[in-house]
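Quick one: the structure is below, and I'll ask about it shortly.
Labels run A, B and C following the written order; every chain starts at residue 1.
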Amino acid sequence: MIKEMLENVRNTHPLIHNITNYVTVNDCANILLACGASPIMADDAGEAEEITGICGGLNINIGTLNQRTIPAMLAAGRRSNELGHPVVLDLVGAGASVLRTKTANELLNQIRFTVIRGNISEIKALVLGAGTTKGVDADMADSVTKENLLQAAEFARGFSQKTGAVVAVTGAIDIVADEAKAYCIFNGHPMMSRITGTGCQLSSLVAAYVTANPNKSLEATVAALCAMGVCGEKAYNRLTREDGNATYRNYIIDAVYRLDGEELERCARYEQVLG
Amino acid sequence: MIKEMLENVRNTHPLIHNITNYVTVNDCANILLACGASPIMADDAGEAEEITGICGGLNINIGTLNQRTIPAMLAAGRRSNELGHPVVLDLVGAGASVLRTKTANELLNQIRFTVIRGNISEIKALVLGAGTTKGVDADMADSVTKENLLQAAEFARGFSQKTGAVVAVTGAIDIVADEAKAYCIFNGHPMMSRITGTGCQLSSLVAAYVTANPNKSLEATVAALCAMGVCGEKAYNRLTREDGNATYRNYIIDAVYRLDGEELERCARYEQVLG
Amino acid sequence: MIKEMLENVRNTHPLIHNITNYVTVNDCANILLACGASPIMADDAGEAEEITGICGGLNINIGTLNQRTIPAMLAAGRRSNELGHPVVLDLVGAGASVLRTKTANELLNQIRFTVIRGNISEIKALVLGAGTTKGVDADMADSVTKENLLQAAEFARGFSQKTGAVVAVTGAIDIVADEAKAYCIFNGHPMMSRITGTGCQLSSLVAAYVTANPNKSLEATVAALCAMGVCGEKAYNRLTREDGNATYRNYIIDAVYRLDGEELERCARYEQVLG
């Protein structure tokens, strides 16, 4: 199933509207081009709805959010919902400030998301509320391991049931859940966390995959996460003893550029854990 | 003629003020340093005029324009005109939203540009008006080919006559026209379109070339486009089977860093088609 | 002494809040990850204080400052002072516009900085006042050479006495001074000035080093400057005849990723010149 998801991106060249942070925006644009999609970045409320209208999908990322861009996120999201476009939310830093948590909640209240991506801490910040450090799930560890895999999958599925979105919890092991099922993805390399923006890039990639694969958001998200992980592995294998995270960053995007469906199918390591 | 244009950049180190989008701004700065110029980025209306005053040329790029930066573009442009500095306009996304088209038109009304760069669709959006999909030129294809080359050159020359600026229509084949003459440039590689910001980088490069070659804006623009295209070819030839658009991006800037006048003269492929 | 400074960064993983320009922000984030620290970028006044509160140190960089980010700089700086966190100021472009010089002075008046970094011109702009081109030090050359080394070191020490901050004057030869002592650092390569943002990256690195080495700000700053210089030398030695400033940029960050304490100690070239 994974193979076709990638090929649909390459064949349909979805145009993705990104309202994203200025730290990793260039890498987000280049990874979209690498996978066969096209990026447009536009974050002013004066054009956000119109730009969304000419695109196939929307990716909202709350890193470096500000008073000027928040209204653009809301306007573009609502317009995408009207048009039936897929919308991805990247929760960068939710829980780190009231502004981020509040904005994330406002986005969740006003917009129907197709996919929500974050690490376990970011998603917990939303589920449990800002400032809440106790609660039923509060004792769950801040990383997904083989030991707490099922618990984390149930947590993700629960958040999917609450939001109606596919939920992607990324980390050493990734989890992707909808309201019924959950998958684990084992691809990737620890060094990916030493590059800024691999998460942001992944959300852009997810937006391309779900846009090119309508009505298959769960499978498309699994495919995008496998693709990123496989590319992280391939890129790591190219590194010499002198290379570090800057070259690694480039090689991951290069690997996305070169990845084809056959290789993705062959190298993807995932399994269904719930549903 | 091309050779000297490059050498004048290397010998005079023009300082270029860029008001540009946050997606590709780092690459714009690095390509300016690569060619021998120096960049300053400053987009707040509170300093835009003053920064322009200490520079030799100005590059305005409307990608990710916003309510805060538009007044800075207008102020810096007017100040550059007063000082007799060359001003380049990059039309990123003109036609994609009313805000971009309106801002581009406002810039054209208030500022005298030395060079205007865009792809054929962006320039058509301005010539034909936002929302206008019919008209004398509306049947022109959205890419320049060997078949419609003369028509496209006439179109560019017409826009030059209207604006007084050298017009650079970039694509698989580039066209550079002033009010009398037009050139075609055949350098470049299709993979350049798979990198974000090669157009933005080119506009920065053009700003450096026209600043270092006063009263030779047409020739300087032709030289800058040839330089970018030659570097796109050289960089492509370095790529291995594992490299993709991220490494290609770096190699193009590297090639600009290494390019000298002799090589540019030898590898440039252009011809005069009008005038 | 240098060795431990680096190792303390690798062992404590300081989290650094950066309010920095959008030109080089990605490189600042990646160099922080490369050295073993973690970056957070947040520049909206609505969250600046809170983000600073969860970090160990703060790095304020006035490149591409604007009306929206200046209040965030002031708020985050004051909060860091309350919390006793180290705060680094990067003077990018001080002297180039009234807005930058005025903002730099306002920051210096309201915030107690741990380290101030700039080139000699930027620091002179603050010491001598905007628009002042005469004065006791005005005849000092705009670059530090072997001939004016002592004069420059005294100038830096004087600025440290005035501000209470460690002062890092960077250039072909770097100077680091506190109120009593001054060091010169001879590491680095001239080609580093052909990359945008090596100065910005250095300030991020300094923030990581001073945060990981409390009460040793002078030594930690010397260590960070040596580290950057050593990496500039190592990265230069990897370049082929086809590589330029883009590849060089990546290799410097790669070298920071690979650098260990032993190598830093062995390759650092610095000496005490005052105190």
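General remarks:
Everything below uses one rule, namely that a residue touches a chain if its C-beta (ideal position, glycine included) is under 8 Å from a C-beta of that chain, and two chains touch if they have at least 3 such contacts.
These numbers were taken from a predicted model, which means no experiment stands behind them.
Annotation, chain A versus chain B: rotation angle of 120 degrees from the Cα superposition, expressed as a multiple of 5. Counting every residue number used by either copy at the chain A-chain C contact, under half are found in both chains. Our note on geometry: chain A versus chain C, Cα centroid distance of 34 Å, whole angstroms. Counting only residues that touch two or more partner chains, chain C has 22, 26, 68, 249-250. On chain A, the positions that touch chain C within their shared complex are 21-24, 26-27, 63-68, 93, 96-100, 194-197, 241-247, 249-250. By the touch criterion stated above, chain B contacts chain C in their complex at residues 22, 25-26, 29-30, 33-34, 39-44, 46-47, 50-51, 54, 68, 234, 238, 249-258.
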